[in-house]
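Structures follow.
In the two complexes below, chain A is the common chain; its partner is chain B in one and chain C in the other.
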Partner chain A sequence: MPKSLMIVDDSATMRKIIMRTVRMSGLEFDRTEEAGNGAEAIEKLKASPVDIVLCDINMPEMPGTEMVKQARQLPNCQNTKIIMVSTESSQELINSVLASGANGYITKPFTPEKFQEQLAPFMS
Partner chain B sequence: MIEQKTYHETVLDAAKEVFETMIFMEIEPAASAEQTDHSLLGSITFRGNLEGCLGISLSWPCAQAIARNMLALDPDAEISEREVCDAVGEVANMVMGSIKSRIQDIYPDIAVSIPTVVTGKELNSSLPDGTEKVSVSVCLNEEYYADFTFSYRKTE
Partner chain C sequence: MEQQTAQTIPLETLVPQVSTVSMQTFCEDMDGMLGISIGCALCQAVPGTVDKLKTFFPKFAAVYSVRAEGSLSGRFDLLLDKNALFLLSGTIVMLPADKIKEQCKQGTLEQALKLSDTIKEIGNLIVGAWDRMFREQLPGHQHLLQTNTQILNPWDKPAEVFGFKEDTACLLIVWEMTVGDYPPFHGAAVFPAALFEPPKEEPAPTEAPAQTPSESGAVSETAPVQPEPAASQSPQTSEPAAAVSASPESSQSSASHPVWNAIQQLVQSNPNGDFSSAPLDAAVLNCPARIFMNPKPLWLSPNDSVETALQRMQQNNARYALVEEKDQLAGILSRGDVNAALSPYLRSPFEEYRRPLDEASLQIRIRWFMSKPVHTASPDTPMWKVMEIMCRHQIRAVPIQDTNGTVTGLVTVTEIFQTLLKTLSGGSPAGQPEIKKECTKNE
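Our next item is the complex of A and B:
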């Protein structure tokens, strides 16, 4: 089944690294999008929703935590799976983000195996 | 309380994790790399019950090599200044994240800023009185040198 992916990170370099790591994990997407912050991601999701979003937390303009809350208000993103990708690793923050609507959490530095583990359940 | 020697190990272990997992470069402790021409400084600040700054200073060729490895480019591939600076900022961000996860049992309330990168000569950070500083020099791929500086003070 075709799948689409959006990577949200203020670092263009990190977006490329995430994309490369996703490919290394063996997962394939027929459409990929990028956004440089939460606000840009919300605008793109309004226009064209995706199946899976990989989203940083620490970003200017709109942090990932707020992006999750706003995405969950969008009628066309109710089934979108949102996985946070961040250097933040406190269990309190992870629990808070998951409670606000995220579906998973990957900490940086990451490996292809971490992406496989978190994303594969949403690929079927 | 975490002693300076332990902070040195913490910074080194965090740097090793990031370089081995995300950048695919060999990393070994080195004698001070201050003699090399460090023209880039990537830094990230943190605040909470421990506050301070993590900096990585390195030469332009070293930064280019890191950026090319992060982006899986050929060793002689063209790479823009923006991409190099972006990569150095991400290194600071990820190493600080790894340090934070290693000390969060003792300092659970640390908030981290967005990284910044500056270019120039004789770069260093100035911090308030009472700040302790740990320096960790590393050799990358037996060719390049970089210095990590972890400056901190307790606020409680």
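Our next item is the complex of A and C:
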């Protein structure tokens, strides 16, 4: 079944790194999108929802958790799987991220194996 | 074998080790995320001013400012050289190998600035790796935060780039790193020496003799030959006046130890500190330091390596060495200090786990972990007073310094115990008449 992916990160380099690592994981997407901030991501999701979003937590203007909350308000994003990405790994942060509506959490440094483990269940 | 834990190793010693592990972790992260296999070897970890890095960073570089909170509190900087910038950035954005090699050779500052987003992200990855390792391996560490990224020639205005004067003493750590057959590149860390200074403590109210820091940084504790009133002598009422090494084996250790307890009990056995009226056996405690000190202690230079210190101490059968710099007493070193600086993997039980990095710990300069300031006593200081200094500061060695600042000897707990055994037990007549005579003088 074709799948689509959006990567949300304020760093273009990190978006490239994530994209590259996802490819290395062996997961295949028929469509990939990028957004440089939360607002841009919301606009793109409104226009064309995706199956999976990988979203940085620490972004200027709109933090990742806020983006998740707004995405959950969108009628066409109710089934979108949102995985947060961050260097922070405290349980408190993970709990707050999951409470905001995210489906999972990946800590940096990530590896292709980590992406495989987290994303594969949503690919079927 | 002396047990050493991370908590007992001075920060100055621990930071080069943890930094190297952290840089290697960054390399592993890059490998894990991007499949870039980076080799990382420690080139040097030396004290000096930042201009010493010019050799390794002759052109422009990335300077990442990092704010540390916790055991290290303040700013330090991480550097990547020109080759690193083009090589790592080029690999991340998947440039062809030929293009990367060409940029390493001929890339300009303007071209590097166009890669600033990627270069900044590389800094984030480095600081992220460092933060993880510091949390694991540096006691008291709280947080590292990348605060600024500069891509420039750091030698144009170094004071502005690093945020301190050019002659500021720093710990400089340099690594050579390699990726496949690309040209090797250098990474470095610049830790201002002030980062390692212990937090300033309010001086404890005490009636003990005043401590006057000398030009060498030594804290002199000259005492009158005559015992003082009781209030100034109780170790329980005196608190350590200077921050000292945390190692229990340290010559200037603050940790509790049975030896201190034994000495404390001995001093406390006469709470008035007046041994002049005690029997002759106890009166030996009035014996001046010049009588029982070791007049020929081992001397080392602060730039001597751990390896040299270990060899000299073994050759001289010395457990303590005094450190001299510019004709001044600059510090004191114990065998425990040296052992703490050594990687545990250099010891035979862990030989099979030894890495090249472990060998590097032999080259650490002793200035980075010697104990300072040094608590000293005068040649006329009586034994009980030397013992009291040891108790108060929980140290086991006190250099003897005359009024001109010349160090004339060293008293360690060994000298004290030997003298006590000779006289208190009457086991050896050698030296006893002289001690008896000196003690009688003080009555």
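Basically, the second predicted complex is superposed on the first by the 124 of 124 C-alpha atoms of A that agree within 3 Å, B and C clash if a C-alpha of one lies under 4 Å from a C-alpha of the other, contacts with A are read in each partner's own complex, and residues count from 1 in each chain.
Note that a residue touches a chain if its C-beta (ideal position, glycine included) is under 8 Å from a C-beta of that chain, and two chains touch if they have at least 3 such contacts.
This one's a predicted model, so the numbers in the text were calculated from it and none came from an experiment.
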item: Partners on chain A (chain B, chain C) - clash or fit; value: clash
item: Partner chain(s) touched by A:Pro60 [first = chain B, second = chain C, both, neither]; value: first
item: Partner chain(s) touched by A:Arg20 [first = chain B, second = chain C, both, neither]; value: both
item: Chain touching more of chain A, residue-wise (chain B, chain C); value: B
item: Touched partner set for A:Ser11, first chain B, second chain C, both or neither; value: both
item: Which superposed partner A:Pro109 touches (first chain B, second chain C, both, neither); value: both
item: Touched partner set for A:Phe122, first chain B, second chain C, both or neither; value: neither
item: Touching both chain C and chain B, counted on chain A across the two superposed complexes; value: 11-14, 16-17, 20, 87, 108-111
item: Of chain A, residues touching chain B in the complex; value: 10-14, 16-17, 20, 58-60, 86-90, 92, 107-111
item: Chain C-facing residues of chain A, complex; value: 11-14, 16-17, 20-21, 24, 87, 108-111
item: Touching residues on chain C, where the partner in the complex is chain A; value: 29, 32-35, 89, 92-94, 117-118, 120-122, 124-125, 128-129, 131
item: Complex contact set, residues of chain B against chain A; value: 17-18, 21-22, 67, 70-72, 82-83, 86-87, 89-90, 93-94, 96-98, 100-101, 104, 108, 112, 114
